[in-house]
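Below you'll find a set of structures to go through.
Below are two complexes that have chain A in common, paired first with chain B and then with chain C.
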Partner chain A sequence: MVLEYSPMETQSIIALNTLEHGRCRPWPFLQDFCLTCGICAGACPASGVDGFDPRKLVRMISLGMEDETVSERWPWICTMCGKCANLCPMEIDIPGLVRKIRSRRRREEVPGILHKGLEAALETGNNLRLPKDDYVFILEEIAAEPGFEGFTVPIDKTGARILTTIHNKLVNTHTEDLKHWWKIFHAAGEDWTVPSENWEGTNWGYFTGDDAAIRKFWKNSVL
Partner chain B sequence: MAQNRVLVVGSGIAGLTAALDLAEAGVFVDVIDQYAFPGGQGIRLSCKATDTCVKCGACGVDDRLGKALKHPNIRLMTGSGIQDVRKSNGFNVRIRQAPGFVDPNRCDNCGICLSACPTERGILQGTSGHHRPFYAVNESACLYVKDKSCTACREACPTGAIDLDAAEKTESIHADAMIVAAGFSIHSPLEKPYGYGVFPNVMTSPEVETVLKRRGRLVRPSDQSEPDRVAFIQCVGSRDAKLNHLWCSGYCCGFALRTAHLLKHHRPQVHTTVFYIDIQTFGRTFETDYKEMQESIRLVRSIPGDIYPSENESLKISYLKPDTGETLQENFDLVVLSVGMIPPAGLEALSKTLELRLTPEGFLGDGNGTKPAGVFPAGAVTGPMTLAEAAAGGARAAWQTLQYLKSP
Partner chain C sequence: MTVFDLLIEYIREGRIHLDTSRFKDRRATYHDPCNYGRQAQRRFGHGFFEEPRWILSQCMDHWQDLYPARMNQICCGGGGGTLNTGYNEERIFYARRKFDQIKTSGADMLVVPCHSCHGQFNAVKKDYGMENLEIKYLWELVADCLVVG
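Take a look at the complex of A and B:
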């Protein structure tokens, strides 16, 4: 019988001295309790993509193969949907584990689209680098459409009860979807606002596993 | 010297074994069981023999039940539970027995009551030739018991064996010692990702046992056809930290391998697949049996993560193929969940009545200091185990009880 190993497995077979069981033990994801039952991989919508296998990823961390997982593509294939953690009989927090591995990668080696998106979001307040004037113009144009008589978008209203943020597609390709909750707020007489800067609701720091960026992102939005 | 009298709680393999051993030693034994039929969970197990016996032990339950029913030193009461216990030179136990709605002398086991009953589980059906009458009115589901709104079974019964106005009985007995063989409950897999209770052809291991015992063949619930592709999923509700069921239930690997082997023997064209974490079976012949079974049963070391309905009520299972790392979807006609054993329902209340301590897992402890003098736990009430282990536990409890009766 010929066993076929992925490049990563071959590497790990050769470099046995990289195994250090205690290395990731303080990580709080219960990875050492894995029974290797494989229910995670059986449920995972991304498992099998480029050989991605959450069961193996958990075992690699349990064996202390931190560097190998950090340099591997696998953590970036995961969609972070959480189905695995929902089913895992040993309560292993696999999405938490994946995010931790992502956070260990050198920032300039984070996959381009995510890295650039985060950079843009931190610099300009949104990953599209949509200028403030264009953004405000889009919002006001939608509010001027039929059905919105007597309504203005409460942009930058100080002291409002509710602060809303926006997913970038809502001012890009899916502007229709803004209207529904605006109508609800309006009909309910809600005291709400939407910022003119740092309005993006998707925290790109989550995608790249960058905790500092996550904090900065929320500070930008809230303060 | 007056004859010693012992109360055995539970008429499964452990309770019956203990009762027979004590009865043979001259002790009078009252065996009570809360269920309508005696024999415990083991009585519905089917014989798994192919050309040869595969030592599943199922016949042992029928055998012991038959002997116990005939033994002059044993009195067996079904539908019965302990109401309270007072200690006085032994135990004064008050027992409540559910009404015996079906007269065993009149019932000819025709089953017309079952077809007549409009309520699910209103009439219960036995699983052994020793179950006489073979049918029982289920007190907790019967509409007549609830509000006197239905008498369908009484009207349908051709021999007039059903008395829906039968009264419950309470009696007090004195016991010098007690054996608690209250057995176990089965984990309900409703929350697991296998569509149990949603897709008709997803069955649990006890359900498969019952069908095999009643009909001799395994058929699909949806259309009563014999399945060509059968999947067994192991460890459903066992080895599970989320459920606080960290234990291996012990019986399930033997169940799945023997049943898969039997299905192959019934119909050689059947494909059986067992999805497992590791195979936990023991004993002298295990290695040879295991090797032989591997030739006819496909063993996949991976637990499936999802299930989807497919054509003709079959089921598509999603699982990781361990040798290639691919996630596959494969069709099966029938999916069997090997469900885990858990502490029996009502054990907490029983343990309070009897002043017994539970283990952190919720079973009865059998170690020192966990029980008052004269009370002996036996069988799966002390933790998951196989039929053979439960029988051995019953024999051990009988021996301990005899020692205790000699010098309390």
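Take a look at the complex of A and C:
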């Protein structure tokens, strides 16, 4: 029988002699205690894509191969669902490990629109770079539709009990879905508001492993 | 305060009233988002499992849970940024077990309290021959069941 290895696996075989312990401080996810039981691999929805499974990734970090993992697709095809960590007998924090590997990637090489959206949010207050006037216009247009008589969107209301944010898709392709909460707030007589700036409700720094960006994002939103 | 607590507060305090007959002919089920359930339980010691189920039961007399659910729930495949990495074929593949589970339940409506799950289910349901499955936000269900006036 001929075993087929993906390029990443071949590298890990070659690099077996780089085994290095004592890295629990920079990589505090318990990866060195892996029993190689494979429970995580069996639980993972992404196992099989590109030869990926979480056990292999854990072993690579344990073997000191973090640089190899950073440039690969593996850490990015994980959904961070936590099934692996929930079942792991050694309580290894695999999603945490994945996020740390992601944080090591050069920001311009983060796949898809994740980093671009985050940059946009930090610069303009939302992932879409939607100007304030257009945004306010969209909210007011939707609120003027039939069924919303006597309702106005309380934008920038000071002293409100509840401050809400908005998922960018709701002022883009899914404006209908703005209405559910408006109906509930209206029926409940809630004292609420939504900001005219920094209204973005999604923070892609959670996915890209960018803690500094997350802090800056929430500072913008809250102040 | 979470959206769950807020909805529960409105219902408990009688600030909103819900009509449980609105969807009485529908077969609904509920999906536990990884981050509100399992991951919240692991990281913060409290997973939001009971709260959404209680809200659902205020909206409909009958609905069916998926199996397995809660801590052992199956991921929809749309988390961790995968909706926005451009790796779409992979994302469809991840959902295979979830759709097996939904098909087995016989549901025609899937209630979710998460924007990522909602986006993922709508994006891939056709790939699993379930284009008629209605994907509903938990708060959309509440809004639909509101008794007004």
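Here, the second predicted complex is superposed on the first by the 211 of 223 C-alpha atoms of A that agree within 3 Å, B and C clash if a C-alpha of one lies under 4 Å from a C-alpha of the other, contacts with A are read in each partner's own complex, and residues count from 1 in each chain.
The criterion applied here is as follows: a contact is a pair of C-beta atoms (placed from the backbone, for glycine too) under 8 Å apart; a residue touches a chain by one contact, two chains touch by 3 or more.
Note that this is a predicted model, so its numbers are computed, not measured.
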item	value
Clash or fit, chain B versus chain C on superposed chain A	fit
Vertex chain A; arms to chain B and chain C (CA centroids, nearest 10 degrees)	60
Which superposed partner A:Ala143 touches (first chain B, second chain C, both, neither)	neither
Chain B versus chain C as contact partner of A:Ala120, first or second or both or neither	neither
Touched partner set for A:Ile184, first chain B, second chain C, both or neither	second
Partner chain in contact with A:Met80 - chain B first, chain C second, else both or neither	second
Which superposed partner A:Leu128 touches (first chain B, second chain C, both, neither)	neither
Superposition-derived comparison: chain B or chain C, residues of chain A touched	C
Per-pair minimum CA distance [chain C against chain B, superposed on A] in Å	6
Common interface residues of chain A - those touching chain B in one complex and chain C in the other	48, 83
Chain C residues touching chain A - in the complex, by the definition given at the top	6-7, 10, 15-16, 34-35, 38-39, 42, 71-72, 74-75, 77-82, 84-87, 90, 93-95, 97-98, 115, 119, 137, 139-140, 142-144, 146, 148
Chain B-facing residues of chain A, complex	3-4, 6, 33, 35-44, 47-48, 51, 53, 55-56, 83-84, 87-91
Of all residues in chain B, those that touch chain A in their complex	193, 235, 239-243, 277, 301-306, 318-320, 322-327
Contacting residues of chain A [partner chain C, same complex]	45-46, 48-49, 73, 76-83, 85-86, 95, 98, 111-114, 117, 162, 167, 169, 177, 179-181, 183-184, 187-190, 202, 204, 206-208
